[in-house]
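The next part holds the structures, each set out as structure tokens.
In the two complexes that follow, chain A is the common piece, with chain B as its partner first and chain C second.
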Partner chain A sequence: MPILHRNRYLTTIFAGLSDVSISGDIPVEGEINVPVGTPSHDDEYSTLDEPVKDTILRDLKAVGKKFVHVMYPKKSSTLLRDWDLWGPLLLCVTLALMLQGGSVDSKEDGGPQFAEVFVIIWFGSVIITLNSKLLGGTISFFQSLCVLGYCIMPLTVAMVVCRLVLLGGSGMVSFIVRLIVVTASFSWSTFASTAFLADSQPSNRKALVVYPVFLFYFVIGWMILTFSPSA
Partner chain B sequence: MASSDGNKNTNTEPWGGFDDNIIQGTGSAVIDMENMDDTSGSSFEDMGEMHQRMKEEEEVAEEAEATEEETGEDGEFLGIKGIKGQLGRQVADEVWQAGKRQASKAFNLYANIDILRPYFDVEPMQVRNRLIESMIPIRMINFPQKIAGELYGPMMLVFTLVAILLHGMKTSGTVIREGTLMGTAIGTCFGYWLGVSSFIYFLAYLCNAQITMLQMLSLLGYGLFGHCVVLFVTYNVHFHSLFYILWLVVGGLSTLRMVAAVISRTVGQTPRLILCGTLAALHMLFLLYLHFAYHKIVEGILDTLEGPNMPPIQRVARDLPVVATAAMNAVNATVKTLVQHISIA
Partner chain C sequence: TMASPDDLKFQEFEEATDLLLADPGASTLSMSGSSSMALAGATGDIKLDMSDDEGQEESSELLRGEKQTSGFWTFEYYQSFFNVDTMQVLDRVKGSVMHLPGRNFIKHTLQSSPDLYGPFWICVTLVFSLAISGNLSTFLNSLGSMVPGVTIAAVVIFLYAWLVPLGVWGFLTWRQREERQQSGYSFLETVCVYGYSLFIYIPTSVLWILPFEWLRWLLILVAMVISGSVLVLTFWPVVRDDTKVTAFATVATIVVLHALLSIGCKMYFFQTATHTPVPTLAPNHTAAVLTNKTH
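== the complex of A and B ==
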């Protein structure tokens, strides 16, 4: 019942009651209880009661399934439907830790700090999300963060490969190998994320959304490429 | 009709009020406001609803007081219970009001993003055309030139400039002591775009130029396209003479374009001169600063990075400090001779 109608109704009731002289033996009191059906706890399995191992395994499985979706990007809505931010956090922390071991010489900062990588990834994701929303996208804020975070995975793999290659030496050959690996993974990342993100845009504006994503992964890929461990 | 005690005229509004029609429930004069849905967001209707709620609460509180006064102990008992009931209802109402206020605040915050939405309403073709046009100065300055008011292109250009700057800083081994590379790059680029836009807008306001803040942001943002091109080329190909040529040609073209657009919207010789001079100076000097401040190649670092396979890059030592060291040597020599003269004398 609309609020004004109800107010009018109550007003008329109270207006009428002011006439009534209340004598002692007619107590006007009572309770109006609307019995609310308690939700049956047997219907849903309460996830608070299960052992911790089950919870962790279930979450890990979900994260792993999304990794697989990123590695073979086809148009599925799993990443979008059950979004979560565990995968992006894991990837971000791994990448930041691996980029950490630059030269610790006090005179120069060889590599980016942990905080720098973290901030770049999250700040960049937020900017891209806002941009795609402002351009008229239908994807929600956290779904977009989830997609962008998961698509950093090829770049993390490239980082591992680069570190292994750098163990062998840092000459021209290793530079070319690293360049090829990083370029391949960066284009893979961009392609994977546009497969998810571009669907939510009107068709003639896809390029406008793809460019910031390209720039974002380009900056990350370039940070990986120019990483040189302490001598 | 029972005359309720709450019928006193607390009407403070000049346009009459809701008092008369609402409290006499059986009156046939019914305000149309009753029939509105209460999901309205307009302030007039909200004000009306709030006003009515306040009236109703007031009136009900007065009812309770009246009944409490009139009756004896039992009435008082009822009155207390009544007041408790009233208190509960009032508290609930307050909570509802507070919740509603917070929700509308949150909605306004979200709606602020929607304020920016029209400025991002562009097609890729338009962006490409505007990028090309930003390098082509238009000579018509007696009639106001059209300036596009969009923010997508300028923002993407600023981020591209940040990326290019990062690349330049890394390859030249710039050391940032307080802060990080990324922070410096972002701060420089965004600071320039927002700060200089605001400053020129302020000058334009003083010089009575017809340009809005959005147009200024857009103009300056697209003017950074020239900067991006020049820096991208010269951070990879390190010929200094090439940089100077590009600085003059590309930087000059984009500056001329911006200056012509601003001048076409200003009247009078002196204001035009002020705006033109300031904008040109700031824009060209920024490009100079970006090249030299973040591009010092230190030869030692190049050796350790590249190793024996050196790409055919012409390694040029810093040329600014060359001038500086020459000047310092001259000053030192002068001071030395002066001191000698003074000590002899």
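== the complex of A and C ==
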């Protein structure tokens, strides 16, 4: 019964079409509402209209949730799925600001400048991401940048701690304390990012992807450790 | 004789292995898409009962021609240079440090399937180990910024690891064409052997922190012997058919450049404590630093 089949087919496809019975060559009449991108249409409507405070709070909450995920790295895909680069930017700027302006005696030049730290972090992240993709990783470019950026957080915390410790003096004891703190936080960073990144690699190449990450956080940790405030 | 597509695929595999068995010295490149070539490249010895001869004289040309299947602007092209596993990389690193005398690095360890992961990350590690160790060794003068050191180390190491192989490969290829000798190495293989030969300098640069001049020179000697021998053993078979003068000159140049690199790095990054405080490592002071050193 071709006529009946055609009827069912048409009514299921075109929503909003009132019941018509088709027979023979009678053309179909009625309204056709094709549902094209209705969800985003609604969202755009709502996010444009909501107060700015809500938008900012929602983004901040997303960033904060990711920070928590880094502090307690378990295998969750939130970091990967909803990647954003706000967190990494915030951490990078904080770290670069804190690392700046160290030891500006006349004898040797000071610590790394803001731009240098910034470039090292972002350039390093890009290189590691490229390396991971060249080795056949399934993670996308920005997801990887996101993970690497968020996992700098333990090192930023260590930087804050180091600056506080340095307030109390820069002798041997403070150096040992700083060494322990930096070592712990750089291991944490490596471990956290490995938990997210290593899954996207075949098992016989995991070490090849983890080593550059280790090197990256080691270098950043070294910059933190050798930071000494201006006299 | 073969008609169906599956048989044609199998024949392609046969041909590849035949060509390799006929001329084991032919360069192969393992590509991610082509499993037969990858198998040939990775294991090196294929035990198959193929007995038909498939035109040995065209073998190397054929394999060379099949190397790049994607253009250099595609991502897959570069992915083909990273087709290594952890164990392979570790084996290659081991092969650059402990190798039996007489072993050609490219033939035996790389098995003619070079990669770019090793050279690149060894260079990066070396850059940072030089900069950090150099930073540490001037501890007495308190730690300055290591970023200028990293920049200089990066420029020097990467120039060495890419330009010198380019020069060596270019020279050898030119001589080859002149003298119509056996096929030499591809550019990638040259880069690869140079990259892996730099590995020994990583522990060396860390050990250079210990402030004993005699130890530092001893370390240079040991490192030169090990990594220099990798290079010499690799390139000697290719130049030995040339005139004696060219052969010796080529090998000597390779060794001298390698020595210059290690001595230069040691002198620049690791000045002994008896010097006056290290001048700033800003680039415009580099010339002054290098000319005012006393050892």
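Observations on the model:
Assume the second predicted complex is superposed on the first by the 181 of 231 C-alpha atoms of A that agree within 3 Å, B and C clash if a C-alpha of one lies under 4 Å from a C-alpha of the other, contacts with A are read in each partner's own complex, and residues count from 1 in each chain.
The rule is short, and it goes like this: a contact is a pair of C-beta atoms (placed from the backbone, for glycine too) under 8 Å apart; a residue touches a chain by one contact, two chains touch by 3 or more.
Just so it is clear, the model here is predicted, and its values are computed rather than measured.
Once chain A of one complex is fitted onto chain A of the other, the partner contacts of A:Met172 are limited to chain B, with no touch recorded for chain C. In the superposed model, A:Ala198 lies in contact with neither chain B nor chain C. Contact with chain B, but none with chain C, is seen for A:Glu29 once the two complexes are overlaid on the shared chain. In the superposition on chain A, A:Glu116 makes contact with both chain B and chain C.
With both structures placed on the common chain, the touch criterion links A:Ser228 to chain B and to chain C. Between chain B and chain C, it is B that contacts the larger number of residues in chain A. Residues common to the contacts of chain A with chain B and with chain C across the two structures: 107-109, 112-113, 116, 120, 131, 133-136, 204-205, 207-208, 211-212, 215, 218-219, 222, 226, 228. Those residues of chain A lying in contact with chain B across their complex are 2-5, 7-8, 10-12, 14-19, 21-24, 27-29, 107-109, 112-113, 115-116, 119-120, 127, 130-131, 133-136, 170-172, 204-205, 207-208, 211-212, 215, 218-219, 222, 226, 228, 231. Residues 1-2, 4-5, 22-23, 25-26, 33-34, 36-38, 49, 52-53, 56, 59-60, 63, 66-67, 70-72, 74-75, 78, 81, 113, 116-117, 120-124, 127, 152, 155-156, 159-160, 163, 166-167, 170-171, 173, 175-176, 180-183, 304-305, 307, 309 of chain B touch chain A in their complex.
The touching residues of chain C, counted against chain A in their complex, run 32, 75, 78-79, 81-82, 84-87, 89, 117, 121, 124-125, 128, 132, 135, 141-148, 277-278, 280-282. Listed in rising order, the residues of chain A touching chain C in the complex are 103, 107-113, 116, 120, 131, 133-136, 204-208, 211-212, 215, 218-219, 222-223, 226, 228.
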